[in-house]
Amino acid sequence: MIKASVIGANGYTGLELLGILAAHKGTVVEHAVSVSNAGAPITDMYPSLTAYKGRAFEPLRIERIARDCDVVFSCLPHASSADICREFFDAGVKIIDLSADFRYDDIALYEKTYKVSHPCPELLKNAVYGLPELYRKKIGCASIVGNPGCYTTCSIIPLYPLVKEGIIDDENIIIDAKSGVSGAGKKTELAYLFSEVNENFKAYSVTTHRHTSEIEQELSKAAGRGVALSFTPHLLPVNRGILSTIHLKLTGDYSQNDIFDLYGEYYKDEPFVLIDKDKLPSLNAVKYGNYISIGFVADKRLKRLIVVSCLDNLIKGASGQAVQNMNIMFGKDETEGLLAMPKHL
Amino acid sequence: MIKASVIGANGYTGLELLGILAAHKGTVVEHAVSVSNAGAPITDMYPSLTAYKGRAFEPLRIERIARDCDVVFSCLPHASSADICREFFDAGVKIIDLSADFRYDDIALYEKTYKVSHPCPELLKNAVYGLPELYRKKIGCASIVGNPGCYTTCSIIPLYPLVKEGIIDDENIIIDAKSGVSGAGKKTELAYLFSEVNENFKAYSVTTHRHTSEIEQELSKAAGRGVALSFTPHLLPVNRGILSTIHLKLTGDYSQNDIFDLYGEYYKDEPFVLIDKDKLPSLNAVKYGNYISIGFVADKRLKRLIVVSCLDNLIKGASGQAVQNMNIMFGKDETEGLLAMPKHL
Amino acid sequence: MIKASVIGANGYTGLELLGILAAHKGTVVEHAVSVSNAGAPITDMYPSLTAYKGRAFEPLRIERIARDCDVVFSCLPHASSADICREFFDAGVKIIDLSADFRYDDIALYEKTYKVSHPCPELLKNAVYGLPELYRKKIGCASIVGNPGCYTTCSIIPLYPLVKEGIIDDENIIIDAKSGVSGAGKKTELAYLFSEVNENFKAYSVTTHRHTSEIEQELSKAAGRGVALSFTPHLLPVNRGILSTIHLKLTGDYSQNDIFDLYGEYYKDEPFVLIDKDKLPSLNAVKYGNYISIGFVADKRLKRLIVVSCLDNLIKGASGQAVQNMNIMFGKDETEGLLAMPKHL
Amino acid sequence: MIKASVIGANGYTGLELLGILAAHKGTVVEHAVSVSNAGAPITDMYPSLTAYKGRAFEPLRIERIARDCDVVFSCLPHASSADICREFFDAGVKIIDLSADFRYDDIALYEKTYKVSHPCPELLKNAVYGLPELYRKKIGCASIVGNPGCYTTCSIIPLYPLVKEGIIDDENIIIDAKSGVSGAGKKTELAYLFSEVNENFKAYSVTTHRHTSEIEQELSKAAGRGVALSFTPHLLPVNRGILSTIHLKLTGDYSQNDIFDLYGEYYKDEPFVLIDKDKLPSLNAVKYGNYISIGFVADKRLKRLIVVSCLDNLIKGASGQAVQNMNIMFGKDETEGLLAMPKHL
């Protein structure tokens, strides 16, 4: 039995983790930590979390948690997360960090992107980027996993094989991404009020979104040289889901079949990557599930390729992927707790 | 030309007033006051308010506003509104107050309901309850109008004739009301975040909602004795609109025709009251318009009557009605600026 | 292993059954029947049903299904369902019928309500009304279960103890119910188009909704005399969920505690009935789960009681309850396959 | 007084026309034609159209309409529209056609795009493409105006100056467009049911959408050579609005100011084109108004330009633009009836 704790359990990714872990056969949640709600009965705030009846959110008692647990999921904001993670690391607890703090190879890129000093740069060498489809083996041995961003997972998985194989012009990658509102977490700001978001749609953080550098980091490694790309996120008036429309130039005369075969080579044994040959996915193919679904259209007229990828931002884009990483780190079946089917509606 | 100012112009009712007044032939908006956003160009914050291009929200300069204006619309919160209104009253400016401060005949009922001391009880004698369908004449002579609440307008108009004529048992009035989220204004609280409201529905303030006493005040006058009723509001995941389902017991053997005729007697000349004989209204009959639409089903089996009334909470439920009151106060055509048709979608 | 088939698998309740049964440890879905889509790969139409990869919707081959299966779930429309069910009954297959055909004790009431002749009245004596909270034992021995309607489940469970114990005046029961759009199934009618429903809200079938007689049937048995009640449904712009606000007159001076204790007596051991003492439930407490959540406010001022109940119309209101019935019929743990937690968002 | 009729008045663009024309000072709607609903009182079906109280949808009586009217708006489907328009043309009535039938210079391109034979190719020489910002003068003399598509208006206006001036590489134009559901009209198909669209998002008609050729036609004229571009539409779960994110490569070292100045040169006197220097527009800047709002970010890092344009698909994207064209054709103030401000919520 894996003994786990969730730090920052009262945010949307934390709550989702509580949900997934409750149905996970081999794990017990020892502590659900929320500093701001410590003491509050969980089901008073979230009646949906029926399995937590009788339990309360707890304060952050690091020693006790370290003593009780094999693994800690940190859902804290960047910079403050790493500080806490260091203490758990020193206590020998495995860490899956959902913030950006352990996602970067290059501390300078992190600091430039997030405009903060990294609280514990020395730990980065112990961290692995938690994208199982690329780094499964390393994750298996890692003591710290930097769980990828939601937009980045939805971008890197479809782009990696194309960049790696030189199928597309990596100087002209355009990602037009649309995310549901839970991606913003529980920020109580005017911009996220129902009346402001409902029946509205907009682009935001154009040319400046922080996930850009994370995607570029991974694609640069695939390309073997620096890749700079255009990433444009939008706010979609739905609760869950990211759909990315990726606009690409083909480097040769590749057909629909060629692309399908290529994806098959990379992902045919992946339990959570769904590749469609003739059909583009929509959010209702993935919401409430741990899958990423990928479709594409090879445009002969323009020698272009349009790839559509989508996932549930709280699951494959965050907490589901975190549990997938945990399964790998602890030698469990990678799909344990993650096979709940998406919900068409 | 009526010279008007809007105090609290940055809230949803204030913005709606700016919108309606811009299209009002006989009015000019002298000052759009928002203390928290003073100096901000209006169309920077609200590009939709195209007619205000080049203008900014202003600070609250009472003397100057009083000097420039014939009428002031106050969209401030209760208690703080009356304080400001007093100054305009002393300066001889007419006042249409959208808070609860001038809606009550009985100061004690106001203070019990709102749990505050009234800042200027002496002014109440100068105030008229701003429901044109009931108090048109008095409004015409008023210097202060207490603009009714959204739920109350949607309740009193359909109930008044029934109670007045003794058609229904006034000891068994049940109002089950559902309101869009703009009714909560711009409160940046967790409960009003998109992700919390969207795909959700709930009752709130059950047995305690403050509009109850306002409805009871008016129906008691209609009945000639104290009326106590059950009012249950719900939060609907839409931007605009209130729909109230009113459950009543008939005191006699009244038919669908009888009820229709009765409503006709009271409202057939009302420009903004729509009575349907055979059909129940839905929000898309009224949203974005100043109408209240009423339908009903006389239930022979149970000797009951179900009345459905609906309106746009920001227009007939607030700012449209305020302008209707202004038209009456200044001897204008009551419909001026208010005939924009509702939007089916 | 229970061998099950779903007839009408392509409707929303059929699809939900496929979803629930795929995660049910002791059951295998032998045939997913959709006459209109026979031959179509299931995941081509519904990629979310990942567990059905490689399988197709099948035609209705009654003999073969009867040979292969222990139980059949019929998600066909009323009247046509009973006709099919008879054939399975004759072949000795157990039946859980989600239509109205086996819900009524009195054939005349069924025929009056649904305005059709019942195709096989002789079978009614073999049918049990599938509300486990009331008829668990009988369901255990039944060969045909008439699975209750969504509105009716949401009404009967909260009302049964109150009526049975005479706590409320059963001549003044008012149910004001609000349902998400999936309750209408997949009807391709103008009224259910996105643009017509979104940002809209309305009452429908006022005084005429067919679930009224089903609720009255069960409450009349509880009261020991005929109960006639007022039921008013509304269409809510959400995918899933029913919330019913039930307005009642107390027959005595009952407190919040009294009501809580009474519900406890009836339901404290029920695995899927959640009773809240101080809090009213909202849809996000139940959607995507098999629970019914009940809260209430005893209104001292008016000697009234307001009960709010809610459930997911496709789960506890239809397919989840059907599986709960199957579990009982086959002597399984009643909660098997049904403990997936609701989703807060 | 312009005497106008609307053919196909029961569709979403037809209804929007009825709404706009009712508030248009210089126009009277003589006939609101809906073959399928002829005889039905308009406000029975659409209570929101309060100005049409007492009037009914009418059958298509061409002679009578031709006798009574100066102008006819055709909201019929492509191919069937042209057939009817010819009759009005022969009778000397001016025509504004909202279908695709009179939008193309090249009949072959129309026939290839729409996969039909054009019913009256000889009329094309009398038709003008109804985009006032490009063809105001010609529209003033036209007897037939082919009113542009919604996506095309939202694409051509922002792209025209950039292509014309060679600011961007016209071989790498990528339009990623997102439209509200009313763009699909009233099609009663499964794909447009509330439960299928709500909480969902998808791309559709990728590489095959018919508006592509219409955009290319106009941009090719601007470029002076054939322009082929990539157009990808998506279905957004909102009622109204299109937002297009246009991804472009700059041909030189252009700054934010340069682009702003260029747009100013082309559009500073345009009454319905809003250009923002530092801010990107969102749907709530334009919905319910006749404006197109354009913002942009010049991306120095990548030498790219991202343009965001948005409009209300039923107004500037269809019926509002049609009335703008009517104003021009009849020598009226171009803004008459079109200055209603957009609605922030």
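Per-chain numbering from 1; labels A, B, C and D assigned in written order.
Operating definition for what follows: contacts are C-beta pairs under 8 Å (C-beta built on N, C-alpha and C of every residue); 3 or more make two chains touch, one makes a residue touch a chain.
None of these values were measured; they are calculated from a predicted model.
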Chains touching both chain A and chain B: C, D
Degree value of the rotation bringing chain A onto chain D, based on Cα positions, nearest 5: 180
Label of the chain whose CA centroid is most distant from the centroid of chain B: A
Geometric centre distance via CA averages, chain C-chain B, whole Å: 39
Euclidean distance of C-alpha centroids - chain C vs chain D, Å: 46
Centre-of-Cα separation between chain C and chain A, whole angstrom: 37
Interface hub residues of chain D, defined as touching at least two other chains: 12, 182, 195-196, 198-199, 237-240, 281, 284, 287, 345
Contacting residues of chain A [partner chain C, same complex]: 12, 15, 19, 22-23, 44, 46-51, 182, 199, 239-240, 274, 276, 279, 281, 284-289, 291, 293, 339-345
Partner chain C, residues of chain D touching it in the complex: 12, 181-182, 186-190, 192-199, 237-239
Complex interface listing, chain A residues touching chain D: 172, 174, 176, 178, 195-196, 198-204, 206-207, 228-230, 232, 234, 236-241, 243, 245, 247, 249, 280-284, 287, 297, 299, 301-302, 304, 306, 308, 345
